[in-house]
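Just dropping this structure here.
Order as written gives the chain letters A, B and C; numbering starts at 1 within each chain.
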Amino acid sequence: MNPAGVFSSLIPLWAVLASLAAVPFILLSSRRPNLREFWTLAAGLVMFGCVLSLLPAALRGQTAAAELFEVVPGVRLALRADPLGVFFALIASGLWVLTSCYSIGYMRGLKEHKQTRYFAFFAVSLSATMGIAFAANLVTFILFYEILTIATYPLVIHQETPEAIRAGRKYLAFTLSAGVLLIGAAVWTYQITGGNLDFRPGGLLAGLTLAGKTAVPLFLLFLCGVGVKSSIMPLHSWLPAAMVAPTPVSALLHAVAVVKAGVFGMIRVTAFVFGPDLLRRFGLDTVLIVITVTTILLGSLLALRQDNLKRRLAYSTISHLSYIILAAALLSGPALAAGLLHLAFHATMKITLFFCAGAVAVSLGRENVSQLNGVGRVMPWTMAAFTIGALGLSGLPPIDGFVSKWYLGAAAVGGGRPWLAGVLVLSGLLNAAYLFPIVQRAFFRRGVGLEGRREASAWMVVPLVLTALLSLGLGLYPNLFFDLARRAAAGIFGGF
Amino acid sequence: MIPTNAPALPPLLFLFTGLLIPLAAFKLRRLAYWLALAATAAASAVAVSNIFRVLDGGAIHYHFGGWLPPIGIEYVLDPLSAFVTSVINVIALIVLIHARRTVEADLPEGKHVPYYALVMLMMAGFNGIVVTGDFFNVYVFLEICSLALYGLVAVGDRKSPVAAFRYLVLGMIGGCFYLLGVGFLYMSSGSLNMADLKAILPVLGARPEVIVALAFMLLGFGLKMALFPLHGWLPDAYTYAPTATSSLMAPIGTKIGAYVLIRILYFVFGLGFITKTVPAATIIAWLSAAAILYGSIQAMAQDELKRMLAFSSVAQVGYIGLGIGLANAWGLVGALLHILNHGLMKACLFLVAGNFRMKLGHSRISRLDQEARRRMPWSTAAFTLAALSMIGLPPTVGFFSKWYLAWGSIRNGSWVFLAVILVSSLLNAVYFFRVVERLYLKPADRPPEAEKSGAAARVRSEVGASMLIPTLVLAAALLAAGLLNAFIVKGVLLKILPPGLAGMNP
Amino acid sequence: MSDFLVGHYFYWFVFLLMTIGLFGIVLKKNLIKKVIGMSIFQVAIILFFVASASKWGATVPVLDPKLGAADTAKYINPLPHCLMLTAIVVGVATSGVAFALIISIWRRFKTLDEPELLAKMRHDPD
């Protein structure tokens, strides 16, 4: 990226602050739910608007940068909306608007307690996610990464049941340990580079002569640091446990924001800190490929065994996150573009599936796959959306999951690793194996106890239908995201 | 007028107020508190303005009675002492604002006047240690503040005299060891003036008397600073002392020990002596690493909140010691920033413990639950923020001091210390999370009385503004100091570093 | 070697005294005996300073017209004595505070025996 492509702008900062600024208003209007939800929606729209306004520049390959004050000598608190960051921010903020609507329906439908706390921390989490997307250097990244850890904890334990509290402890134990390792890795990098921690396409460490005994442990530190949030195996077990959170949390945070922040961190580490050359020199890309392939297959296999719908989706998420990391590990432009596409498309599909799971839970009180017989008859819209998501995750056209998997497979073959295409096909089959039985139960089996049950409220059904349509639409017209992903990947690996 | 007197002003002000309080408040007892507060406020103002003056115009020397050093006693305000006096006086001011109500609650009215007089003597001692440029004068002020502290601890709850007695015995031994070290130093060099000694010591080289002198001085102040394994007096003293005492002692007392350590090691003996001639720095670093782990693990096992905080202090002193022992620029910057950081957060945590005692009547962790949070939401929030700083999460200042310490460790290639710093963050997380989780998630055991009357269940009984505002100010300061740490580091801390610690640029 | 031992005989005495003091502080169970140990310890250090000031063949540091002021080697060093005046005051004050604390402990626990005191403290509710 040439410096000429960078222009100074405060819009990334506004995007980060939009939902943070809403928090006091949300807290103050705790006794007036409608006003409180208005603030959430308004913040979501403002944030989405900010990100959208960054889009044209990002499509031209330009970067908006907001430099704030110095936090560590030599390192500023700085935000840079490069194409990669805008890509991630666009998904997170766009889906937040839909999730907010859905949350309103969900929380009111279940008459949940402490809704103010819920909406406030949701807003903080989104701010942190925006910060992660736009972080220009490792310190800024860690700052928002840790805020995200802390801000999602109250959401995970929202139910305050003993099970939720246990899950919360597990969640914090994993993510805080990872954060500590990440800090260690960052300090080490700071020492190696002599005080420079700015993310640079092609690698911050690329120009330096690093011995293997430095590079490999450093990479492993980073891998554990960002690997927990991106739930690569064997660091994944917090994610299924965290499914005790309310469904909108699982939908947005544990399918989009938090885990994708981890994946996004992984891309930043591989492409912007280490750089392809360094990784290839020490064979670290192979390490990453082996880990991710294992995670893809094992995650899918474990998903088969889950009866709880949300846990099944969680294992599915674990497996799909590794697709994206796999794409990053292939260290080529087309692969990274395909991975980014999957980052976006998996988000739309998985959020649809979670929304459906939540709608079923609110309207029928059922959470297990084995209880879903005949649900499709009483909740046709919901289960139709579910079907679209399931088709997409299995990689069938014309849903968007097909597009990203196709490009990923093509990039793997083009990169000289055709066996990975086989892995993708196998995993697609496994996806079908754990998702289609649900569809089949819902539509083709006769259920009991469903008399007089209806769809959930419109607050919930409309968002889930919209995300399903989005999955379909992006499958038919993936160009916007494709261009952006290509632009982001081209910034690192050159044009292709 | 003020510039040349600046070094002597805070200690003399406190000494004078300490004597004035018993006289002036003889008739009007409430006057004692306001006199103490006014003196502290004035000293804080002087100390803070001195920082700017010293940074602009260089060190200020004041010669007592006009006698020139090395014969006379010299008070020196250099960037290091200006920084430390500002930290201790400002924190003392904030704590004193909070102290009025807790002192009223903890002590019988007849003891208020002597209590504040002792607080003033303690502050005189602390300030004196920091500004004096004479080793024997350090001893005198050390004993002034120690004697005052024994009294301040002993007026706490039932067991406090025993804790104070143990503190007295160990404090006396520490003082005597320090004095013995000074004796050896004087015998071999013939001088007690720090600046003078700095010039003489390189000539003497590695003579056994000098090494013995250093060993005894470090031993003495190691005891005062409660550096592991010399921390034995600290947990009881912090636990049984009245709230006001422990919240003055914990953030300030151990820092003085750390200051003297830095002064002796880096500004008198010099970097070469403590790293090449004798491995003093290395020994301190390893002991500190042990302190970090030991204190954190002990803290996990405590049920009394104040006792947990006391063991956490042992660990936090370890961080400061580690930074001192790393013997490089960033380690020392980390130690100095941690002096500020630990001062702020420990004060905040002890104030919250005091708030709990005030309103709940206890501060036992096993009895804390949601009820406490419901009644005192702001105190609990301040506690949570300080806990985050303890763990070292950005953007609190705790993250940044650990950042510099970790960096100092990496620069030395000391991977063990890096591991200790990182692991201890998790240990801190465990013992603070234990408390925070109870406060937010543990349902109240007994339904509160008010619940019977239905709607009044959410009864809020937060402490009054004079206690709440200091707590919140400290919590906010943790965030502000974290975000602005680069200014503090570049503007002040880097100018403190002694010559010889080069390689400051990252 | 023997020169060193004999020449520093006073310091060996001082260190013996210090050891006795430390012994009293650490091993005696009675709090008052601990305070006595403390005093012995402090006195040892005071003697150490006083001894360090002395020189063979020198006299008290008061200007003597016969000796003159030119040769300072003829006077012993007055500074350690001055310092020790302060140290003695500190020692007295410390002992005073210690006894005050002991009185307070006696009033609350009715014992000055350390093991007994610790046992009583352990059984205290708070």
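Please note the rule applied: a residue touches a chain if its C-beta (ideal position, glycine included) is under 8 Å from a C-beta of that chain, and two chains touch if they have at least 3 such contacts.
A quick note: this is a predicted structure, and the numbers were derived from the prediction, not measured.
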Centroid comparison with chain B (C-alpha atoms), farthest chain: A
Chain closest to the middle, measuring from C-alpha centroids that were averaged per chain: B
Centre-to-centre distance between chain C and chain B (centres being mean Cα positions), rounded to whole Å: 28
Inter-chain centre distance, chain A versus chain C - centres from mean C-alpha coordinates, in Å: 70
Chain A-chain B separation of Cα centroids, rounded to whole Å: 44
Chain B to chain C touching residues, read off their complex: 136, 139-140, 143, 147, 150-151, 154, 157-159, 161-162, 164-165, 168-169, 172-173, 175-176, 179-180, 183, 186-187, 192
Chain B residues within the chain A interface of the complex: 388, 391-395, 399-400, 402-403, 406-407, 410-411, 418, 422-423, 425-426, 429, 433, 437, 441, 483-487, 489-490, 505-506
Chain A residues within the chain B interface of the complex: 69-74, 77, 139, 142-143, 146-147, 149-150, 157, 160, 165, 168-169, 172, 176-177, 179-181, 183-184, 187-188, 190-191, 194-196
Residues of chain C touching chain B in the complex: 22, 25, 31, 34, 38, 41-42, 45, 48-49, 52, 79-80, 83, 86-87, 90, 93-94, 97-98, 100-102, 104-105, 108-109, 117, 121, 124, 126
